[in-house]
Amino acid sequence: MTDLQAILDGIYTELKPRIGEGRVADYIPDLAKVDPNQFGLTVTTVDGKIYSVGDSAVPFSIQSISKVFMLTLALGKVGEQLWKRVGREPSGSAFNSIVQLEEESGIPRNPFINAGAIAVTDVVISGHAPREAIGELLRFVRYLSDDDGVTIDGRVAKSETHTGFRNFALANFMKAYGNLEHPVEHVLGVYFHQCALSMTCEQLAKAGLFLAARGSNPVAGLSVVSPKRARRINALMLTCGHYDGSGDFAYHVGLPGKSGVGGGIFAVAPGIASMAVWSPGLNKVGNSQLGAVALEMLAARTGWSVFGD
Amino acid sequence: MTDLQAILDGIYTELKPRIGEGRVADYIPDLAKVDPNQFGLTVTTVDGKIYSVGDSAVPFSIQSISKVFMLTLALGKVGEQLWKRVGREPSGSAFNSIVQLEEESGIPRNPFINAGAIAVTDVVISGHAPREAIGELLRFVRYLSDDDGVTIDGRVAKSETHTGFRNFALANFMKAYGNLEHPVEHVLGVYFHQCALSMTCEQLAKAGLFLAARGSNPVAGLSVVSPKRARRINALMLTCGHYDGSGDFAYHVGLPGKSGVGGGIFAVAPGIASMAVWSPGLNKVGNSQLGAVALEMLAARTGWSVFGD
Amino acid sequence: MTDLQAILDGIYTELKPRIGEGRVADYIPDLAKVDPNQFGLTVTTVDGKIYSVGDSAVPFSIQSISKVFMLTLALGKVGEQLWKRVGREPSGSAFNSIVQLEEESGIPRNPFINAGAIAVTDVVISGHAPREAIGELLRFVRYLSDDDGVTIDGRVAKSETHTGFRNFALANFMKAYGNLEHPVEHVLGVYFHQCALSMTCEQLAKAGLFLAARGSNPVAGLSVVSPKRARRINALMLTCGHYDGSGDFAYHVGLPGKSGVGGGIFAVAPGIASMAVWSPGLNKVGNSQLGAVALEMLAARTGWSVFGD
Amino acid sequence: MTDLQAILDGIYTELKPRIGEGRVADYIPDLAKVDPNQFGLTVTTVDGKIYSVGDSAVPFSIQSISKVFMLTLALGKVGEQLWKRVGREPSGSAFNSIVQLEEESGIPRNPFINAGAIAVTDVVISGHAPREAIGELLRFVRYLSDDDGVTIDGRVAKSETHTGFRNFALANFMKAYGNLEHPVEHVLGVYFHQCALSMTCEQLAKAGLFLAARGSNPVAGLSVVSPKRARRINALMLTCGHYDGSGDFAYHVGLPGKSGVGGGIFAVAPGIASMAVWSPGLNKVGNSQLGAVALEMLAARTGWSVFGD
C-alpha cells in the first residue's frame, strides 16, 4: 500500500497552510501553553505497516482518548456487568453535562462523557490503591503500543486537579446516587492521571491497532479482547466518541473514533487500519479542527468509511 | 452465496418458538389490531439476489422507516441546505420529546425523531399541494422497489391523524419558531400518510438497496444519490435510526438501520446488502424485539457488522 | 382616605416623564399597534371608593389577567377537584414553556402559565358550546365590574388565533396526555377570546374588588366566593401571577397580582383595596414596566405590602 | 390576647392523636435517630408575649431554617449586591436540583435552595476563617433569641459532611462557574455547621421576631434590619421558603415561612407575631407534616393569613 504514504503526504501538503487553525483548549492551564502550530498523523495497518507525516513523533496529552483504554480494562474486569453502572447511548448534550446525570439518577449515558469515564475508572480501581490503578493503565498502554516511552505528565494531571471543579461536581453527584464505590478524591486522582497520558501519534495508533484487528494486536502478536468486544468498543466510539459532535463526525468521516481536548483524535477502519492525528487547535464542539478535516480527507481518499466506499 | 439462505433459514428456525414476543404498538388504533404472530426477513444483495424467510411477502405499516425515503427526497431538493432546518446529532431522548425542541429553539436534533421528520416533510412539500407530495413519495418508493404494489393505508393514516396530538404539538411548536413553512395541517397530512406506507419485507429491502450500493439501485440500474450521500444517510441511520435505542442497536447489531413502530427494521451492510425484517412485537425502547434479535444473529453469522468481522 | 388621591397624583406626576418606557408586546399583531404613551391607575377600596389617575378610562386588552376570572369560575364549578388537572406551584420558567409540561406528564404547574390557563378553560367549558363559555365569562366580568361596557375585542382574539402556534402546541400536548376534555380548537377558541377581554383600569379594579373584600363584592353587595377561596386565589397570584418575574414582584411590590402582556397589572391589598394599572410598555420579563414601578411606589407609600409596613 | 393560648391549646389537643405522622428525614444519619413522637409550637407577638404548647423547649436541628439568618447576615454585608450571586425566583424543582444550576450558568435561583444558601454562605465567610464565620452566625442567633443556650450540634454537622455528596456536587459546580470565592471545603464546612444549629421552638420564634416587627427585635429592643429589608426577606420566604412545596404552603397557610428537614417550620405574621413549630415527621415534599397542619389551623383561627382574613 505505497499509495497510503502518498495520500498522507498529499493531505499534509494541503493542510500545511492551515496549521494553527482552531483554538487551543484553555480550561486546563498546562494545555493552554501548547504551541498550536503542530500537526501529526500516523496510520498503522493490520499487516503491521506504519505511515506517518508531520509531528507524528511529538508527544501530546491524549486526554479523553484514554477513556478507550480504560473502558477496555473495565470490560476486562467486569464484562457486560459494566452496563449496570453506565449506559451505551449517545448523550445529546455537552461532554460534562450534569443535567443528564440528574435526569437518569446518577447513571451516566455512556462511558465517553466525563461522568461515564469517571464511573469506568471507579470500576478499574476496584481492589487497587489509586497509584496501582494508574500503574496498571500505564503498563497496558505501553504494552499495546510496544513502547515504554509512553508517560504520564504529572504537571498536566496536577493542573486538572486544581481546575477540575466540574469533574468534582460530577463525581460527588454520582457518589450521592451510590454510583461510585471509592472515595471521590481517589477516583478523580486516577482519572486526572489517565487523562494526562502523554503519547505520540505513532504510539497511539499502534496502541489502538487491536480495535482494527479483531481484538488482537498484530504488532505484539497477542489477543487483547475478543473480536466481538472489539466491534462493540468500535460501535461505542462511533456513536459516542465525540461528545455532541459524534453525529457530525460519523456524517463527515464515517469511522469509529475518539477525540481529546489535547487536539488528538484516534480512529479505526475495522479490518484495515488504526490511525491517530494531532493538531492542538479545536473546533467549536471541542474536537481538533484540522484533525477532523484530515480524517475526512483520509477516509474519502481511501474509501475506508464504514458506511460505504 | 447459497450460505445466506441457509443462515436465514437457521435464524428463522431458532426464532420460531419466540414469534409473538414483545408488545404491539397500541397508541395508533389501527396498528394495535395487527396479529403479533408474524415474522418476515428479506436480504437483497448488491448483485441483485433476494433471500427471504417467513412472512416476507406480507405488507406491514413501515411507519418511521419512511423517514429514510423522505430524507432522501429532501436532500435531493435542497442538498446540504437541509441542515439549516434540522440537526445531525443523536437525540439522547425519546422519539417524540418536545423538551429538546424547546432547548434548541425549534431546530430538531436529527431527521429521524418525529420533529425532524416533520421538518423534512415540510421541505419535500415545497411547491407542492399535500396530495402531490404524497404522490411523489409513493412514486419514488415504487420506483426504488420496482414494484407498483406498494400502497398507502388510508385507514392507518386517518387513525394517526385522530390520535396524533403530540405530533400536532411538535409541528405547532416548530411553526411558532418559524421552522415550518407550510400550514401545520398540510405538513402533518403528508407526514401521517408517509408513515402509513404499507410494504412487504421484500419491497422494503429492494427499495433501500441503493444505500448499500454506492447510491445506485442495481435492480433498476440507475443512480439514486451520489456515493457520498449514500454514506451520509447510512451514518445518520447508524447514529440516530432507533431513537433512544440507537446506541444499543449499534452495540449489538453494528449496521446502519431504521426502525418503525409497525415492527419493521430496515438495515444496510454497505457494499454488500440491504435487508428488512418485520415482527410486530416491540421491545421497551419501541423497536421490533425479534427483528433486532434476528439482525444481531444475521450480522454475527455473516460478519457484516461495520465495526469489524 | 383623601390622602390616597394625593398619593396617586404624586405617583402620576413622578412617572409622567417616563411614560412610553418599555417595549410593547409585538407577538400579537393587534397589540403591537397600541400607542405606548399611555398610563392609567385606579384603586378601589373595600368601602366602595374609587381613586384614579391618567388613562384609567381607556379600555385595553387585559390578556392574562383574565386568567384570574376564569380560575374563579372553574373553582366555582369543580372546587378543589381542579387541582387534579393543574398544579399550584410557581413554574420557575417562561410563561409558555413546554418543557415543564413534558416533565410533569401534561399537568401544568399552575393555573396562570398558559398551559394551566388552557386546562382551566377546558374545565369552564364543560357542558357548554364554546360560544356559551365565552358568554358566561363576559357576563361574570360585567357583573363583577357592574359595567356592561366590558367587551371582547374580536380582532385581538382573531389575531391571537393566527399566531398562537405555541398555544396550539401546548394544548395538543396536554391532549396527548389526556388532560384536555374538549377539542383543541374549541378550548383555544374560548381561550383566545378570554384573553381579548377589553377593560379600563376602573372596570378591572372594580371587577377584582371581591378578592380584597373576603370574597364579596361590596359594590354589587353579594358574595362571589368564600373568604377562604379569596385568600387562596390571592396566594396563587402572589406566588405565580407574573410568570418568571413572580419572585421579583413579591420582593419589590409585596401584593398578590396578575399581569398581562397588554400592559395591565391587577393587584390586591387584602382587606383594603384592589387596584389596576396600565401602561403598554413591557419590561424584560414581560410585565408592564411603569405599571410595576407604580405599584411599588403605591405599596411603599401606603404600607399595603402583605409582608409588613 | 389570652385567646391565643386557648387557640394553641386547642390545636395541640386536636393534633395529639396524630403526633408521629410523617417520615423522619433519613438521609442525614444523626437526624434519623430523632424520636418522631414530638411536637412543639411557640408564638411570640410583637408586644413581647410568648405562647407555647408541647415540646416547645426541646432543642432540634433547625437545618434549612438557618438560611434565613445567614441571608440576613449576607444582606447586611453586601446589601442588594447579593443578587448578582443568587436569584430571587421560586425554583420549580427539588431543593437540591443541579439541573437548574446548569441551565442558569451557576447562578442559583434563590437563597433558600441549597445551592443558593451555599452561595450566601460564601458571601458571609468573606474575610473570615471558616470558624469565625460560624462564630458570627452563632453570636447573631444567640443575640436575636436573647438566649446563650443556642448551640451547634457537632455530630449533626459531621454527619452531614460525610453524606453531603450532593452539596459537594453543587458547590463544585458553582466553583466551576466562578460563583464561589472560597475553597469548597471551607464553604461547606460553614454550611454544614449552620444547618446543625440546635434550637427550641421558643428560641427560634424569638430569634425571628424582628421579621414580624418591622425589622426590629422588640425583645432585645434594637433594629436588626430596615423595615423594607424585613418585608423583602418575608417575600422571599413566602415565594421560596418550602422548596417545591412553596406554592402549596402559601395556598394553605398564607404566611411567609421557612422549613427545615429537621421538622421545624418558622413563620411570620407581619406586624403581629412570629412562630415556630416542630414535629420531626415530614410530608412527601419534605416539610414537617404536622407542623404545616398546625400552622394552617393557626392561620385559619387567628385570621393571620397575609392573603385576607
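Labels for the chains are A, B, C and D, by order of writing; each one numbers its residues from 1.
We take it that contacts are C-beta pairs under 8 Å (C-beta built on N, C-alpha and C of every residue); 3 or more make two chains touch, one makes a residue touch a chain.
Molecules present, by chain and UniProt name: A, B, C, D = Glutaminase.
As the structure is a prediction and not an experimental result, all values here were calculated from the model.
Counting in whole Å, what is the centre-to-centre distance of subunit A (Glutaminase) and subunit D (Glutaminase), each centre being its mean C-alpha position?
48
Hey, how far is the Cα centre of subunit A (Glutaminase) from the one of subunit C (Glutaminase), in Å?
A distance of 56 Å separates the two centres.
Could you put a whole-Å number on the gap between the CA centroids of subunit C (Glutaminase) and subunit D (Glutaminase)?
Each chain's C-alpha centroid was found; their separation is 32 Å.
So that we know how the chains sit together, what is the shape of their touch graph: line, ring, star, complete or other?
ring
Chain pairs that touch, all of them, please.
Result of the pairwise touch check is A-B, A-D, B-C, C-D.
Of all residues in subunit B (Glutaminase), which touch subunit C (Glutaminase) in the complex?
97-99, 101-103, 165-166, 168-173, 175-176, 184
Quick one: which bits of subunit C (Glutaminase) touch subunit D (Glutaminase) in the complex? Just the residue numbers, please.
Its residues touching subunit D (Glutaminase) are 87-93, 100, 109-110, 211-212, 214, 227-228, 230-232, 234-236, 238-240, 244-248, 250-251, 254, 256, 270-271, 300, 305-309.
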